[in-house]
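Take a look at this one; I'll ask things after.
Going by the order they are written in, the chains are A, B, C, D, E and F; count residues from 1 in each one.
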Amino acid sequence: MFHTATKITIIAERLLQDGIISIVEAAGAKGYTIVDGSGKGEHFVRPAERAAVVSAFSIIRIEVIVNDAEQARDIARDIAGRFFKQYSGIVYLSEIEVLRPERF
Amino acid sequence: MDLAASFAGSFLSQLQSPTLAFLMGGMLLAATGSKLAIPDAIYRFIVFVLLMGIGLHGGMEIREANLAALALPALLAAIVGCLSVLIGVLTLARLPGIRREDALATSGLFGAVSASTLAAAMIVLEEQGMVFEAWAPALYPFMDIPALVLAIVLAGLHAHKANGHDGQVRVGRIIADSLRGSALSALLLGLLIGLLARPERVYEEFYSPLFRGLLSVLLLIMGMEAWTRLAELRRVAHWYMLYAIAAPITHGLMGFGFGWIAHEAVGLSPGGVVILAVIAASNSDISGPPTLRAGIPGANPSAYIGASTSLGTPIAIAVGIPLFIALAGLVFGP
Amino acid sequence: MDLAASFAGSFLSQLQSPTLAFLMGGMLLAATGSKLAIPDAIYRFIVFVLLMGIGLHGGMEIREANLAALALPALLAAIVGCLSVLIGVLTLARLPGIRREDALATSGLFGAVSASTLAAAMIVLEEQGMVFEAWAPALYPFMDIPALVLAIVLAGLHAHKANGHDGQVRVGRIIADSLRGSALSALLLGLLIGLLARPERVYEEFYSPLFRGLLSVLLLIMGMEAWTRLAELRRVAHWYMLYAIAAPITHGLMGFGFGWIAHEAVGLSPGGVVILAVIAASNSDISGPPTLRAGIPGANPSAYIGASTSLGTPIAIAVGIPLFIALAGLVFGP
Amino acid sequence: MFHTATKITIIAERLLQDGIISIVEAAGAKGYTIVDGSGKGEHFVRPAERAAVVSAFSIIRIEVIVNDAEQARDIARDIAGRFFKQYSGIVYLSEIEVLRPERF
Amino acid sequence: MDLAASFAGSFLSQLQSPTLAFLMGGMLLAATGSKLAIPDAIYRFIVFVLLMGIGLHGGMEIREANLAALALPALLAAIVGCLSVLIGVLTLARLPGIRREDALATSGLFGAVSASTLAAAMIVLEEQGMVFEAWAPALYPFMDIPALVLAIVLAGLHAHKANGHDGQVRVGRIIADSLRGSALSALLLGLLIGLLARPERVYEEFYSPLFRGLLSVLLLIMGMEAWTRLAELRRVAHWYMLYAIAAPITHGLMGFGFGWIAHEAVGLSPGGVVILAVIAASNSDISGPPTLRAGIPGANPSAYIGASTSLGTPIAIAVGIPLFIALAGLVFGP
Amino acid sequence: MFHTATKITIIAERLLQDGIISIVEAAGAKGYTIVDGSGKGEHFVRPAERAAVVSAFSIIRIEVIVNDAEQARDIARDIAGRFFKQYSGIVYLSEIEVLRPERF
């Protein structure tokens, strides 16, 4: 009843949300979940809680689940190639188990 | 001598003005590590109410205004915005150790306009009893958009030369992007509603009475942000500090000069001249950064946002506003 | 002829009214892709302040009201709510390609009441100088809850017939669920405090002066939501569009008719009749959807929420309110 | 010192929060963490940031850690069986390592 | 007899006061499972506006105040705060089944001061026409900080004895931590701005008119929190309930007594005496808990937060405020 | 192109944020991402949504990605040892795949 699937997690600036979503949807993923966050990496400190005067720079965390590990790798490579040379962001994959694989 | 005395007087009284007090209070809070934080939702609502209020008021006044009187100041505002960017290209971009993209983004931001500085100037002018055309704040987009567009186009041309990217095609998108920003959207929608509907009561019962108080909170936020971003600024070349101090004054004086022309040509009021000078001195804090981030992706936000929020805006408010008011007193008489 | 002229006049003046202007402004923002977004926290606070304000005012007035005068309108409101649902069952549910659950949920939503439409009507009536009983807005739950309960019970009976589920036992829970919704909770608590305590000052210093301004922001939000949800509506059968346009007018006219009866029987004021018509025309945007989602899980939210927020509410505000005011002028004299 | 455990992640409408939590607690899980989100799947677009006029439909992400993989599977099956035929939502499992297994 | 009658009268009229009505309304909402929730962003903004308002007003008044008159009440406030903690050590901490850390944290919280209770007292005094020194609310930190510091230091000494930890070195950090809390920061910044700038207009146009209304929302929140945390309180020893009921009254009466001394010695007004009594009776809900959580990590927050928000604050507001006002009537004459 | 890395997830009271971040940075991690949440564990119920009168107790979820599994274990042990005896919180590790390992 449980099937292996791959979860792609993308952490990026809010600015990139629309661009990332269109890559994800074009690659055939059937859904995604977004959560707001804050963080620190190479570039910029992104504060949470207090007024984000520059909110386009705040961090979002996007999760996309797909059945096929190769498809996941392609999506991750695409996003990193297209955005993460110039903009802040990271992407990683993890293996999970899902019910109802036909939904992903 | 007169100017110095008048400026000193205006500056000292400004120090007692709550406008500046809240800005400095915000810095003090951040500097002492206070846990007070104005929530983001409140910040965004404040910006909306202030700009919708400015828009509504402007729109209601434009109904009765002589549109010809508006055309020249609008044109001059656009020229000032573009000149501000070009000044940056000729100065900041030539300094040693400064990357061209960073310089262009910074110049674009300092050529563009800050809603919070504009709102602060409106309250200070009102306190000083200095009248200005209600449509004067509507000059905002006429300066803001050309400055951002020019900076991004120049950066595109530069990238084109450097590595064969195409840098020209997206002017329309940059303009649309700017107009869609939350601050300009609210201002323009307010103008439209003020022009076409009859929002007098809602303006007088809500947007106008809350203006001063919400501005005090906004300035507190800007102060906290200024202090917090100082760390960012320290990470980049020291030239940015110099630029962030000099540019608001230079741009503002230039704006004042062009305002003077409008005063002579179409009778722009002294208060209107100050508004033009202040928006020239100001640098964009809300709509500019995301537009630049999208338009000049290679530029380092620590440089331009650090320079703008941590030094540019405080200088424009604390030094610029009293300076231009004192100057107006000197030039146009009390 | 008179009606047409009066309606045309009222409608045109309504177009200039800020109430409608902010609603249409919200649509314009969404249509042009503006990044302006009123934060969710502000939206929820606005709904609280408006409904607490309506409740407090109603409660303070009920203290002096003749409760008998209230009983008949309350009963009529409940009848109108139930009839609205039944009309949906007899029309929408019978159209080709419409699932019964979806039709029932949609009818329930259009039978129920919208707080934003009600608040808009109160401000427009005030602007037109048309007096209404301060307790009239308290008719809200008397129409809202029966409509939601009836729709959910009918859906339960349907599910029962279809696959043997038990569809009857949960009436009490549906009522409790409705009463616990954030909008009704605030209204009812306001009524209670208005009735038992002495909130005159806090009402006059806070809830009343902020009403008009916060409503303008709420209507902006409703306008943005309406435009955004249009995409949702396009995904479902076109009949929903037709229903969403026809139902508010039909229900409103029915509400007006029943209000007329209350006018003759217990002297409900013309303004009160308009309030009854407007809440009949309105469709629930805050408390209804979650109650229906829980109560009719099989129904597709794209259908009922799309129909309600993207067409139903704009029609109720932009067409309904001026229509019923014009009608009241015609029927009861100016 | 580190022990294998299983994390159940449930993404669902806020409306279902209480129901899901009671299944989780009844199954003996000792805790859970909830994060707000937004997303898109089969059903409905759920916007973040702007006013959620219909906030009961907004998305939450619940994480529950349990020691026993079979227990995790049961919880996931239960939740999917009870809710995700009629309502929006997904559930997935991942393997993790925890300290102090007695806490889970 | 007189006191009883006066108290009964004052208490009954207080029940009709919107202040108490909103507190009890919040409890009612939580008890009935209402889904109404005031967003966290609004809560934090309300606390900011109220405390900034109190600070601004205090600061503007201190400009003209005789500072000597302030010194004694400030000293007495500090003594009352410390005595409150010591009473807890001598009573609560000795009861069977009570852990020493939990008792110390609870005593610290009940010795400290609640901003919402203070604001409620200010509005009730104003409604009763009872004048108080505008700087009296500025006694807040003088009582709050010593109480928290003493509780944490005693807990540190205890941990030291128990297992050799060093419990003395961090007094400076605790004070700094308290001062940096969001409530005290806003109050102190307000004082500073009130003292040094001229915030009269922004105070009168914004902070003052919103005070009563925002307080009503804050009390609603406190009421909801009180009810929700009752579950927490039930999980810990019953002695906490007893303490949470007795301590506000005891501390308040002690505060009243010391206030009386200040009345005789330096002419503290009867209203000022009531303010001192109320802040003594109140227990910290905003800044205290995180300071204690950091300072006494071993203490169970369910005990101290449960006791404070679910019983302590309602008792201080509902029983304390009318009691001390009635007492002042009796002692100082009407 | 994809490399194995380890993700440390820490769920703790907001109060501990600064302390946890300094351990993470001192251990040489190059970034972190924080998300706000709510939850229930052994200690205290932490409500989401409604006004958090006591917001220092609210829950945050910190993710830190590092290349080296041993380094991850050390960070997790450090944080648990320093904070989670006295304060609420949990920490767990999961294996993921990243692009550009030099960034982590």
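A few notes on this one:
As a working rule, a contact is a pair of C-beta atoms (placed from the backbone, for glycine too) under 8 Å apart; a residue touches a chain by one contact, two chains touch by 3 or more.
Note that the structure is a prediction, hence the values are computed from the model and not measured.
Note on connectivity: the fewest steps through touching chains from chain B to chain D is 2. Contacts with chain E and chain F are shared by no chain at all.
Chain centres were defined as the mean of their Cα atoms; on that basis the chain farthest from chain E turns out to be A. Rotating chain B by 120 degrees superposes its CA atoms on those of chain E, with the angle stated to the nearest 5. The centroid of the Cα atoms in chain A and the matching centroid in chain C are 40 Å apart.
Once the centre of each chain is set as its mean CA position, chain A and chain D turn out to be 19 Å apart. Once the centre of each chain is set as its mean CA position, chain A and chain B turn out to be 35 Å apart. Residues of chain E found to touch two or more other chains are 37-42, 44, 210.
For chain D, the set of residues that touch two or more other chains comprises 35-36, 94-95. Here the touching chains pair up as A-B, A-D, A-F, B-C, B-E, C-D, C-E, D-F, E-F. Against chain D, the residues of chain C that register as touching in their complex are 37-40, 42-44, 221-222, 224-225, 228, 231-232, 285-286, 289-290, 293-294, 297-298, 300-302, 305, 309.
For chain B in complex with chain C, the touching residues are 39-42, 44-45, 48, 176, 179-182, 185-186, 189, 192-193, 196-199, 201-202, 205-207, 210. Across the complex, chain F meets chain D through its residues 9, 11, 35-42, 48, 59, 61, 73, 76-77, 80, 84, 90-95.
Those residues of chain B whose C-beta lies close enough to touch chain E in the complex are 15-18, 20-22, 25, 28-29, 32-42, 127, 209-210, 212-214, 216-217. The touching residues of chain D, counted against chain F in their complex, run 1-2, 5, 7, 30-36, 65, 94-100, 103-104.
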